[in-house]
Every structure is written in structure tokens, then in C-alpha cells.
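Take a look at the structures below.
Next come two complexes built around chain A: one with chain B, the other with chain C.
Coming up: the complex of A and B.
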């Protein structure tokens, strides 16, 4: 029993298990389109949570403005595809870069602020982005939103046609690949020298600066990678839902839920936020909602409170060893 | 004698076959989605009450079992897609009703089209929703009807010369504001003030001052509950010199009356249906629905509940009349029945055009008079006469 309690996985093994489970999940649920659609939204949230955690959990910079990056990505991709005729895959890449631009615009001035002031500044940034989307009607169709955003183009793999419009399965695997890509970006960044610098910044900024860590640059790297990933998921979201409006693209959901997913899964790990997002989405949809049609969100809040009080390091916090510079635990 | 016996036997036999067929009709699987939680929950819960009652009444009346599958889309577009995936993809429903908000109805109707499942909504009024001409998309209410009620009242009843339009920047309110402005300008009415405000605005005085300075006859506020409360209170502070205050949806609700009390007097609101506004041919049906609703929920139905009820009735009628083949109902038959629908009900004449939009949809404008909602426009649906000029704070 003692050995079981002491049992801890490495980050790599935990991530491999999670992504293996994600890969076989559609088979386990017999490719049920409803379950798939729920897990697609969970994977989108999972990827955004991993991206958020890179900034907050690894670098110590709490953001309340990730909805801003999510919305930028969604709008840039939709506009490039619908107004400029871009290929959606290329537009998604451009959407990620637009997220980086937004991150630099807010990051350079806001990182001069510390503690809650950065969080507040980035919250204001998200609100400004939303107002721009509402008011730049020539480009964004304003508050009425953009209808009929095309799905990702299909392709052939051998004899199999991958159609993103007709079936949920390609969307599911595409979302899973994006979450894996976001995870790998966070993983390799954390193992790099910059990752070590992030740890130092998270611990104590002044001490980090004192030993020669470029604090501003380190924070900006964390923010831009996080923003790129979040904007990329926003772009995927719009091609999946086929509709976009300022209210949904910059919805507070994309600011709050990554925090919740990270707290639930464990901020000390990289894969924890992804797992947290998958679990909370699944629990809410398949357990709470089944029993409490209109009050299910209440249980969700209670569950989160229980986790924060009794397991502050989250689901995986005590079961996964942190990987730091060079992969040494 | 033998002849009579034969006749009786044949009649009994045929009746038995008819009854047997009626009871043996396969159960109709009806899907319904709407926001039961989240920011739009208040509207979705009302709508769902009507849908549930509609399904129960149909079951009682037609002796056909209705299996109703309800899904809470949580006011989220992602969940609206999941709703249709579940209802059409897993539960294999014969038709879907519900949906509230164009941003939810858009993705949901697209998913319904993929599953080739008829989709009749009452909560998506954006004109772009039907632009794709989905063969499964139908809706009972439409933005143009709502805008026509407002512009018609201002043009024909008030005979206003100048208008101030202020509107919430959200999708529905922006679209209706632009539509009404265009219709009024076309009719030669000046709109010197056309101002947008953001959701969450609490101080409306700066834009109301523009309305005052422009000398507008009528103030039209395209907004939501909190916007009406805010603009009416600020108009009172400014003693805004207008002859009428017109609002969009959400005026005259119990919440509105609680918050404003006598300050809501003379205010005009826009609605799809109000008690007593059914055309003559549908008065009986209206009364029956209202009575059944009161018996079931112990309250009067709102227009959202009425829309929910009627959409369910029309959809179930179409599925049932389309008939079952090999134990299941066919989407094509249901669509044909919906396309061929042409009835007069509590909402007026209901028929769909080739895009699924309601061809004859009209909304009503009511005025709050001594706490009651008195319908004043259009004249054929009016339940009383207008008190114009009149605003709760004095005005012109």
C-alpha cells in the first residue's frame, strides 16, 4: 500500500499514457458522434489549458486574457479564408502568428507590471480585442458574426477520404494532434535553457535577474508560445463550429476554463491541465448533466472547490514527477 | 337483417383497423435543444416548457407516443453542435425543435443538415441563417417581421418625423436596429441619432442627450432587460422630451414590472405573440393552449413558450402526417409536409418559403397600460388603442 502511495510516473510516461488513451478513445466509444463532439471540445480546452499552464504554471505569470488570443486566432483564420481565399491550414498557421503579434503587443508593456497588474492588463487586452471585433464591421461583420466558415479541407490517406465536414472522427484526431503539438512545444521548451529560466522567474524574479536570467525575454517567450497555441486552437474551433461572433470567440469561457482545467489536473505538471480539461468536460457532460439537467454546473463548482481544498496539486500533481532542464526529474 | 349485420360488422372491422393503425403508429422520436444553463437559460427554459407541453398534448390528441429527447446546449455553440450530434446521430430523432440565439442555431442547423434531420427553430432570427438554403431548415419567427412591427407602428400609428435609435452591440439587436432604420429612412422619417452601446453599459445619458439635442419624436431602444431599465431611468433624470419609448423583446416581463413598476407605464414593447392576439380563426386554439399551459405550469405562457409549443405541434404534425414506412418516419416526407404547411394559428398564418423562412410572419407591438400589455399594432391583432404621446417621465 505504501509502495502504491509512493508510486510516481515520469512526465513522459504520463503523457504517453494520456495520448495513447486519447488515440484509442474513439474505438472505445464506437465512434459515437455525440461522444466525439464532446471530446473534441475537451481536446480544444485541453490544448488551451496546457498553453495557459506554460505561462502560469511554469513561468508564474497568471493570465486572465487567453480569450483574447483564442479570439484573435479564430477571427484571423476565418477572415483569411473567407475574405482572402486562403487555404484553411495556412490560415491557421497565420492565426497562430497573429496570436504571437498580439502577445508581443501586450506582453512588452504589460510585463513591466508585476503580480496582479499583469493579469489585469491582459484581461483588458482581451476586452479591447473583443471591442475591435465588434466595431471593425467591414472586416469582422461586427456583432452579427461570420456565418458559414468553411470546414478544414478534406484529403485522402491511401484509399481513405478524410472529410472534416461529414464526420466527427477527423476533427477529433486533428484536435488530438494539435493538443499533442501544443504539449510537445511546452515540453521541449521546459527542458531547454529557457525552461530553466522560466523556473527561475517563477521562483523569484529579482533573484533570477540577479543571476543573469533575462526576465523580460523569458516571460515573452512563454507568452508568445502560449498565445500561438491558443490562437491555433481558436482557428481550429472556428473551422469546426463554422460560425464566429465576438461573444463566442472572446467568451470568458476561454479565460476561466483553462484555469479550472489546470487547477483540476495539476499545475505542477505539463500534461495535468490537459487531463484536467478532459476529465472535467467528461464529468460535467456524462455524469452531472445526466442527473441534474439544469443545475449541473453547480456540482462542477463544488467538485473544483473539493479539489482545491483537499488536493491542491490537482489530479496528477502527486502522481507525476516534474521534468526540468534536460529532462532530469 | 343479414345486410344490417354485415354493415355493422364491416363498420366495426374498419373502425378496429383504423384504431389499431392509430395506436400502432410507431413512436415519434422528437429532439429538442436549447439553453437550460448559461447566459440564455432564462429564454431556453421558457421555450422548453412550451415544447414539453406541445409533445404531451400531441400524444394525448393523436394517440401516438412521442419520445422527447431534450439536450441542454448550455448557451454554447460547441454544445449546440453536440446537441444535434446526440439527437440526430445517436438518438436518431425524426425531427429537432428548439434552439435559441443565432450563434447557437447556426452551428446546430448545419449539423442537422449533415444528418438530414428536419430542424424547426423558434430562436434564430438572423437573416443569414437561411442563406445556405438548407433543405432541413425551417423557422417560425424572423427578423423582418419584428422590424416591420416597429417601423409600422412608428410610421403609421405615431406618424413620427424624427427618430432616435440606440442599440446594444449584440447580434440580434444590431440587425433589427439597422433594419428599422433603413425602413424608416425609406419612408422619409429622419433618423438623426443612430447610436450603438456596449453590453454592460450603465450610463446611457450621453447618448440620450444626443436624442434630446436632435429633437427626436420617438426613442427606439433595441436592447435587453438591463438596457431598458437603464435607459428609462436615465430618460427620467433628463426628462427626455420624446413622445414615445419603444423597445425590442423583453419589455413587460414580470422582472421588468418588478424593477420599474409605474415607470414602465406607456412603454412599448415588441413581441411575437401576446394573449388575445391570435387571428379570429385561431382564437379557440389559442385559448386551449393557454388553458393547457396554465393547468400544467400554473402560469400564463410567455411568447417563448407559445413559440416552443407551436414549433413542436407543427413538427409533430408533419412527422405524423408524413407517415411511417417500415416502422420509421422519413425525413423527406416530414420536409414535404413542412414545406406544404399553410395554417392559421395563434401566430397568424404560418407557411414557409423555399429557404425555410416564415412567409407571413408578423410581430406585434404592445403598450403597457395600467400594468397590462395592450397590443396596439398591427391593427388586425390589436387588443386596445394606443396612448400617444405618452412616456412615463412626462416627455413632450
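Coming up: the complex of A and C.
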């Protein structure tokens, strides 16, 4: 890593390298469907992690409930398409907006207080959303789940037919494009005035408020953008796997893994969480699961603890660990 | 139809259940009140204590009431190790770090339980706990009464410890002003370690009760952590006796939801209450307004 730093690995260069690697990866694995399916979920996770980190790494607000947004997105899109006959692409956008609604519902009460209130409120929020998905059977089919969620409609680019049903490759590239979109949204937001405000809030909320940063509004912007992106990925996920159940859509995986991926990749950068997620999915699939088939997730807990204590800057990027003043914390 | 008897019954079981909630959340509330650290692994500590009692009962037939000290000791010991090895190193950094770290510890423990003891739901099944005590058609089980008594003893015991003993006073002083406490000759580092250990101990104490009145599973911890935080906020941060009242409000509300709406929306009550408290009175019922 030291050597890389000497080359001045900037955010932009790193991101360009990552997306170039993502673009050629299917060729490198010669479109093997099994590996492709693993990398598709890695890309979905990558996008969610980038979104999570916009909130946590840039704005300083930890969320333990992104599974809530992911599940909302998946359900809203599937229901709109299957029960109201919407076009899946439009339904995905609506799913993102549903995520925003959820974000405001939880953010407005919980962001008024400093401290861990938001992190825990959103954890409860995700549980409640899952509860609703299980119990609103008229809408969600309850815990048995929704079968045959239609894939994204195919289209033609020049002479090439893109069909999301037959092969994994279009899904892979669509997921990559979504991850790129989420990344670019985070990137430009970070460079805007609002992004500066977010960074100020992360540094010290009181000081930020003192110099005129609208703290609540800034946090809400970070949260809503993050929730929109996450719900969008949830919507894509359901059209990709064609099936949906409360356990799957609101799986704690979507809460835990963005935290792990972001920390592992480096919360101080925007692309780091994407890289971290890709690496960690690979590690999980090819290493951890070989060790402990049932409890392989214990490695994620271990990794979180080790990274935050001994390597808080993660794989890429500068140190994000900050010392607060005084000892009272 | 819902009769007066049903209402009284659900009110009573709500009160009892709520009393137990106070013990489930005591460890988390204590650590948050004293150290301003939310222990996201709190629920896993509770479950760990529960498993200890469960295995003692299954392997050697030890009554869960007798295994309470051991359950508390194991969870407390784990908490000490976690604090000493990990938490202490990042104690003074941004709050986000302690949240994520303890979250990681929780994930580690939950999946360790899963790996060691499978995902089976386990109930600490002792005959006497199910025996009902009936009175004019209203029944409560001995298990519920024992749990309630223990919960009350835990809360009052902790409160007395903090008010009466020298160590307890040192812990309170450290919480109020760390620098002043250090100047007065209190070893604040040791107090931190002690406080986190006590938090784990209290969590472990709740485990056997959870296993007796409900069930244990590797993933059961997260719901306990959420409930504990809701109660801590409802009671007001720093108010230990307030936890009993807050627990009862939550318990009664849940029981009423089960009676009048449906049992599937039980958990919804607590969360709604939590959001309302955050909006209207973020300092909680018994907390000081800031």
C-alpha cells in the first residue's frame, strides 16, 4: 500500500481502475455463470456499501439498518410491477423514492439527537419493515414470498439484443452501471457545498452548526441519497433473482455487509467501500465458507473489530479515525 | 370476545413481562449511562448467559436459578476481555468507532453460537416455572414471578451499589466528570473496565430468564439490544429505577397490542413508542432535560 501511495493513488484514479477491472472481469472468467452470479451480488453489495459510506464515512452517521431500505426497494418494485403492471425500470425509480420516504420517517425524529440514537433507531426500523412484510400478506404474500418476479425487460442496442432473462452477463453489466451511477452520485455530492457540509458534520456537529451548517438538513440529504441508492439496488436484486421473501429482502446481510465492506475498503474514500465489498464477497465465497459452513459470518465480526482497532483507514485511503477532545467522548 | 378478565390478565402479564424487560436492558442502560458507549453486543451477552444456563441444565441438571452466578460470570468475563483487548484502544476516538466495534463483536458472538450450537431454538425447560398460580381465573406462572423478583432485585441492587458503595460512587463521579475524578485519585481506566464488566455481568444475569420465559437462538440477541435501547431512551438515560416503569409501560402496551390487535404487531408498539419519545421528549420519562 505504501508503494501505491507513492504513485499518488487518487480517488479518481482508483475509481477508474476499479471500474475498468469490473468491465473486463467477465472476459477474464470467460463468462462462467457461477462466478458471474457471485460477482453480480458483489456489485450490488458494492453499490449499497458506497451508499452506506456516503452516510457513515462522509457524514458520520452510522446506519445499522440498510437492510430496511434494501427490502423496501425490492418489495415496492416487485409489487408495482406484478400488481399494478408498471414497467420495471419505472418501478425501480419508484422503489428508490419509497426508500426516501422511509428515510425521512426515521431520519427526522432520530437525527434531532446527537449520539447513537440514529444507529439504533434505524436498526429497529429495519426490523419493523420486515415485520410489515411478513404480516401485510395481502400485499406481500407474507413469509411464503413472491414468486416469478419478472426480469427487467430486454432491449436492443444497435444490433445486439440485451436479454436479462437468459444470461447473467446483461445483469452483471447493469449492476456495474448502477454501481457506477451510485458512485458518481456520491462523488459529485461529496464535491458540492452539501458534501462539504456533510464532512463538517462528520468532523464536529456542534462546530458545524456554529458556522451555519444546517445540520439536520445535511444529515437528511446524506440519508435520503443513501436510502434511494440502496432501495434501487434492492429493486434490481428482486428483478435479477425473480423471487422475494421477507427473510431474503430484509436479510441482515444487507445491514452487516455494507459496514464490513466499507471498513475493509476504507471509509475515508468513496471508492474504497466498493473495492472492499468486491474483495470481501470473494473472500467469503472462496475462503470463509470453506472454514465454517454455518458460522462463516463470524469472520465479518472479527474483521470489523480488527480493522477498526488496528487498521482504521482500511485497504485504501487515509486515516478516518478521529480523536475527540477530552476523555468524556 | 374480550372480557374484563382478559384485560386484567393481559395487564398483569404485561406488568410482569415489563418488569423482566428492566433486567434485559439493565446492562446496556448502565454502560450507556456511565460510559456513553452503546454496547451493540449487549443482546449477545444476554444470549451467552442463557446458553450457559441451558447447557448446565441439559448436561448436569443444574437449576437455572443456581446457574445464574455462572451465567453472569461468563458474560461478565467476556465483556472484560472485549473491553481490555479491543474497546479500550479506541475508547477516546469518535463514537462511531465504538458502535461499529461492538456491532462486530455481536456479529462474531452470534455466529460463534450458530457454529457451536446450531440454529435450534432452545428453551430452558424446568417444570416448576410453568406451574400456574391461579387467582379468580387469572393465572401467572411461577417462572414469571421468579423472573420478576430477580429483575426487581437486579435493578434495586445496582441502584444501591451505585449510591451506597465506595466503588459505586467512584463510578458515578467518573461518569459525571472524568477529569475531576482522575484528579481526586480515582483510577478512571480501571473504573471503565469495571463498568463495562458489570454491564456484561448484568446482561448475563438476564440470559437464563430469557431462556426460561422465551427461547434462545444464536440470532436472538439483536432484538434484545433493540428493546434495551428503546427502554433506555424511554426511561431517560442514566435513570436506573426508571427502567422498571419504562419496562412496564412497554410490557403493558405490548400485551394490549396482542389482546386488541394481533400478536404479530407486538413489536410495532415498542418502536412506535420509541419514535414518539424521540420526537416529543427525547430526554425520556425520568431523564434530565438538556
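Brief remarks follow.
Everything that follows uses one rule, which is that the second predicted complex is superposed on the first by the 286 of 329 C-alpha atoms of A that agree within 3 Å, B and C clash if a C-alpha of one lies under 4 Å from a C-alpha of the other, contacts with A are read in each partner's own complex, and residues count from 1 in each chain.
Heads up, the rule we're going with is that contacts are C-beta pairs under 8 Å (C-beta built on N, C-alpha and C of every residue); 3 or more make two chains touch, one makes a residue touch a chain.
What you see is a predicted model; the values in this text were computed from it and never measured.
In the superposition on chain A, A:131 makes contact with both chain B and chain C. In the superposed model, A:305 lies in contact with chain C only, and not with chain B. In the overlay built on the shared chain, the residue A:296 is in contact with chain B and with chain C. By the touch criterion defined above, A:112 reaches chain C but does not reach chain B. Within the superposed three-chain model, A:145 lies in touch with chain B and out of touch with chain C [touch as defined at top]. Between chain B and chain C, it is C that contacts the larger number of residues in chain A.
The contact surfaces that chain B and chain C form on chain A in the two complexes overlap at residues 131, 134-135, 294-297. Only residues 32-34, 36-38, 40-41, 44, 131, 134-135, 142-145, 147-148, 165-166, 168, 237, 240-243, 245, 247-248, 253, 285, 289, 293-297 of chain A touch chain B when the two sit together in their complex. On chain A, the positions that touch chain C within their shared complex are 56, 60, 62, 64, 106, 109-110, 112-113, 115-117, 119-121, 123-125, 127-128, 131, 134-135, 252, 256, 259, 263, 292, 294-298, 300-305, 308-309, 312, 321-324, 326-329. Those residues of chain B whose C-beta lies close enough to touch chain A in the complex are 36-37, 41, 45, 70, 72, 74, 76-79, 81-82, 85-86, 89-90, 102-103, 106-107, 110, 114, 126, 128-129, 131-132, 169-171, 174-175, 198.
On the chain C side of its complex with chain A, the touching residues are 32, 35-38, 40, 86, 89-101, 103-112, 114-116, 118-119, 178-179, 188, 219, 222-223, 225-226, 229-230, 233, 262, 264-265, 267-268, 270-271, 274-275, 278-279, 282.
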